[in-house]
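Here chain A shows up in two complexes: once beside chain B, once beside chain C.
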Partner chain A sequence: MFPTPIQNTSRRTYIAYQVLLPVTLILWLLPLLGVALTSIRPASDITAGNYWGWPSSFSLIENYRAVFTNSPLAAYILNSFKVTIPTVIGAIALSSLTGFALAIYKFRANLLIFFLFVAGNFIPFQILMVPVRDLSIQMGVYNSVWGLILFHIAFQTGFCTLFMRNFIRGLPFELIEAARIEDVSEFRIFWFIVLPLMRPALAALAVLVFTFVWNDYFWATVLTQGAHAQPVTAGLHALNGEWIAAWHLVSAGSIVAALPPVLMFFLMQKHFIAGLTLGAVKS
Partner chain B sequence: MFNAVKLGLRLTSALAVVAALAMPATGKELVINSDSSFPAIKAAFEQAIAGFEAENPDINVTFNVFDNEAYKSAIRNFLSADAPDIATWFAGNRMLPYVDAKLFAPIDDVWAANNMSDTLKSAESSVTFYDKKWAIPYTYYQWGVYYRKDIFAKLGIAVPTNWEEFKQAGETLKANNIVPMAIGTKFPWTAAGVFDYLNLRTNGYDFHMALTRGEIPWTDARVRKTMAHWQELLDANFFLENHAANSWQEALPPLVNGKAGMYLMGNFIVEPLREAGLTDETLGFFQFPVIDPAIPTAEDAPANTIHLAAKATNVEEAKKFLAYFARADVQSAMNEKMSQLPVNSKSTVANDPFLQAGFKMLSNTDGGLAQFFDRDAPAEMAKAGMEGFQEFMVKPDRLDAILDRLETVRQRVYK
Partner chain C sequence: MLSASRVWKENKLRIAPWLFLAPGIAMFSLYILLPVFQSISISLFDWDGLGEKKFIGLANYAELLHDDAFFTSLKNNVAWLVLYLLAIPAGLFVALFLNQTTRGIRIYKSMFFFPLVISQVVVGLIFSWFYDPHFGLLNTILGGVGLPTIAVLADERFVTYGVIVAGLWPQIAYCMILYLTGLNAVNSEQIEAARLDNAHGWRMLWFIILPQLKPATFIAIVVTVIGALRSFDLISVMTGGGPWGASRVLAYYMYEQAFSEYGFRMGYGAAIAVVLFAIMLVYISAFLFKMYREEKGR
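Take a look at the complex of A and B:
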């Protein structure tokens, strides 16, 4: 069996494994631990250079309260939801339709269109920065939640289509043929037969897209400015002072901002892991 | 689709309500755009605006607060497309692009009618271009040397007033394993602070201004003289090691922990230091020492301003507000809230030893007030300059190459 279970290896390897695992784990989590620790420090610790030591006092409640009372962070978080939820719905709705079309219908340009969707994933979005900004200005959606939603839907749909198409391909085609014989309209086939079977794929994609879009920083800073439209990833800097970077508040804000995707992950862990491998292998 | 239509309808009706609320049937309007997104500054503005509305019940003020960073790119858009009546900005050459683009309007009549050449004298030169006045300065703060009073007392160091004493103070500190000056040049504006002071003390205000206006080559012998003074400090290991890896904030711990003795910085350094436990007994302030006694002392004191937009719709009301904002009582109250210095000479200064010391120093400054390197020089020159200074502090032997490069930039920028 490969890989060999660690219990069956030599004693030396086993001990090395037992020692290295926790060490690597701590090393790996060090930045996160640092953020968590900083988020409960008072500002004076940071000015005094106490970055990694024991906090001189604990200001857990003060810091987390300050995040919500002294800054528009709550508005930024609300913006994140306003961007993320419509994007998830839009991208999944569109891609289940495109996925259905590309998986079920045989037409000449089928493969070409499919490749176009896939190729979209290979374009580094940094090179789209200037054209997309100009486009959003001309469309009048620059600096609005709608601009972000439209762009994210457009960009996520490519990946989602790949995912959906492969998933629907895996469904038994006989189901669709049987329905056609019964003279069921094509849309009703999609709605009543394919869509219910796609539920695991929908759930997995929803989690993935939610995480991608929630964590987006690039487009949040390119397409929006200010508390009326910017999501929380870009809004964390509002916690800083005019002269001083308030790392204790930024850390607390980061942890608050990271909670929704983390919660989403734990609630839907099963789908998330399924989603990572779904469509990767075709049987 | 149906939902979108419904949403659209709801939005339009919401907009109609907002519009109705924003425009009372009678009365005048005044729109102010500002970058005061930080709590204390916002509170100071709101308080001043409330006072103005109380005095002018017929004027309804709309106060738009922008995010401090976003404002810097937004101002160009809104001044030309959707102009407010009044906008906040900065004194010095930083306002020149907007003056040249005719986006700010001159307000000489407001200055003359309220005798501001007398009350706002200390910042007058920094808002005067083409013999016209373009702004009301309402706040500024001092730069200078913040030092560990207790360490100086323990080592018997007197507050240095001239170059020799300054260098001697550094030697004493070093002999006791204390770095003379803390600095972090990761964001290189801090190095520009050092340059400003060395140049102001070596060559004086007029030369410094001419240099930042691009009228003097960077390869000039007088610039070299300034750099030679800097070199003396570098040769004497005056500054923290690894300064290029730290921000100014990350260079605070050595001062707090007694590993460094002094810090050349603006008055905003006091708040975090106090938070970290330094008191008025352990933290002190002194004016940057004199290098050439023949040259009148000049200081860095960046001022913030408000401007009349050239496309303002409520000019009458705006001018009323500008006059109000220049008043001694208004500036006293605002600056007390912001922990800064009022520009109006008849204002009172908050009861804080550092603000008091700064006010006293700036009131007695006869050499002139500079606005800081990145406000006095145009953006492109300032960027190249600050990077050059940072490089010089790390590799002083590259001085010739650095000055040549700055000279190339100067010839391009000021064409």
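Take a look at the complex of A and C:
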């Protein structure tokens, strides 16, 4: 192991490490802790300039209730779910098919198509912006959750195909050859043999796509306007403009908006990290 | 005569992949591939998004050469790119710091990872607040040690760096997790052998550990470069490109030209996007070239 395990060092280093660990963590998360603390302050503290002292009273329930009752935050959050969940399902469905095709079959255009999917991943959004907006208007999905869902499915399919294809390549190919000898149809091979083995990949992609799409802000501003379709990232930006100097509300709103991906991360940490670190270790 | 089922049976392995690929390729072509070419074509026109398109050749690109705002954006993109790369060594050192097995270390690792999970909009709000000249933590600390107040986001000299620091926060977390995974897979026999040869600390890191972390470093460079060139969210939330356009980058300037109160200049916006795309294409090609070599090596 590198660096040397701290247990094998001198007692003094060991104690220093144990002290340093929580101190660095607090420094690292200090901006976030400030926001969390502000979200439970009463409005009077904000006007009195008490930003960093102990709260004069705790208004956790009042602030969070105010955020939900006096603003369309709940509608924004609901929109985020309406966009995110169908996107996760759609992107995973499409990419398990494309990933299977590119991993299992040998044909001439295979690598070219694979590289197109990979390259699409790295494209700057701005080069897609004007045509995608026009396309959405023409299809009648501009300014609706469907406009966002369709775009996100298409875009996420790039990354998911890369992931799925490499995952399926790691599966034993003999399984498929054996099934072909038994005359199992190609689709049944996909559905009954490969798909059940893909569970870890499906889980990893589900958490990742959920987080990517939930946190998307650019497309939310390009393809939607107003509380009927806008997800929470764009909504929060709009509310920030309205709640000038109401920092306790901005903070509470920020925390609510960040919560779903954070919960997702803590519940599915192993899958999340497996997805993000794809390729970081030579297999 | 050949029956349909016979054709299928004989060519099954040639037709099947295209059936599996069809829905994915259709969506991807419609939303990603086609728009790239459409944008390149739009960049040759003068167009407000609604009225008649007027072909003007390369005039949009010629205009870019005399546009100060374009060069400010380009310069800021370079600053983003260079400073963002600091996330890689920083992430490595956090990973080395946390690569231990003491009690509760897993929770520490997750908490350090935290900023990456949060939306950039929230990160932007958190940092706007951190920099606030009246009550922000930064100026509270500066005041505490007797230094003058700095309005980071309202000062042309500091604004871009202030936004980049906000972006580094989640990016360091990303690089850290890549290196933690890499460190986990480092060959322990080599380390023991090197220890017997009296390699320690920096020498060990440089000659034994870093070479083994190469794949992690490669991915870290790729995601950091792409992240730096994509920067948009933080600028939109924290500064709106200001003050006086000092914190614009190409991605943000393009959006401003095409979609905001500055007017609907789709053609000019598309030309900016094409420049950004051309810059990114360098990295995309390098990445694909490396992948191609690996695929051929199998």
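Operating definition for what follows: the second predicted complex is superposed on the first by the 247 of 283 C-alpha atoms of A that agree within 3 Å, B and C clash if a C-alpha of one lies under 4 Å from a C-alpha of the other, contacts with A are read in each partner's own complex, and residues count from 1 in each chain.
Note that in this section a residue touches a chain if its C-beta (ideal position, glycine included) is under 8 Å from a C-beta of that chain, and two chains touch if they have at least 3 such contacts.
The shown structure was predicted, so the numbers you read here are calculated from the model rather than taken from an experiment.
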Inset, instruction - Go through the superposed model and pick first if A:47 touches only chain B, second if only chain C, both, or neither. - result: first
Legend entry - Partner chain(s) touched by A:241 [first = chain B, second = chain C, both, neither]: first
Inset, instruction - Name the contact category of A:70: first (chain B only), second (chain C only), both, or neither. - result: first
Legend entry - Which partner, chain B or chain C, touches more chain A residues: C
Inset, instruction - Name the contact category of A:227: first (chain B only), second (chain C only), both, or neither. - result: first
Inset, instruction - Check whether A:8 is in contact with chain B, with chain C, with both or with neither, and answer first, second, both or neither. - result: neither
Inset, instruction - For A:138, select first, second, both or neither according to whether it touches chain B, chain C, the two together, or no partner. - result: neither
Inset, instruction - Residue by residue on chain A, keep only those touching chain B in one complex and chain C in the other, then list them. - result: 49, 237
Legend entry - Complex interface listing, chain A residues touching chain C: 1-3, 5-7, 17-18, 21, 24-25, 28-32, 34-35, 38, 49, 51-52, 94-95, 97-98, 100-102, 104-105, 107, 110-111, 113, 115-120, 122-132, 135, 150-151, 153-155, 157-158, 161, 186-187, 190, 211, 214-215, 217-218, 221-222, 233-234, 236-237, 240, 247, 250-251, 254, 257-258, 261-262, 264-266, 269, 273, 276-282
Legend entry - chain B-touching residues of chain A, taken from the complex the two chains share: 42-44, 46-49, 70, 225-227, 237-238, 241-245
Legend entry - List of chain C residues in touch with chain A within their complex: 12-14, 16-18, 20-21, 23-25, 27-28, 30-36, 38-39, 42, 49, 96-97, 99-102, 108, 110-115, 117-122, 125-127, 129-130, 134-135, 137, 140, 169, 174, 177-178, 181-186, 188, 191, 204-205, 208-209, 215-216, 218-219, 226, 229-230, 232-233, 236-237, 250-251, 254-255, 258-259, 266, 269-270, 272-274, 276-277, 280, 283-284, 287-288, 291-292, 295
Legend entry - Touch list for chain B against partner chain A, complex: 37-39, 41, 66-70, 73-74, 247, 249, 252-254, 256-257, 266, 268, 271-273, 275-277
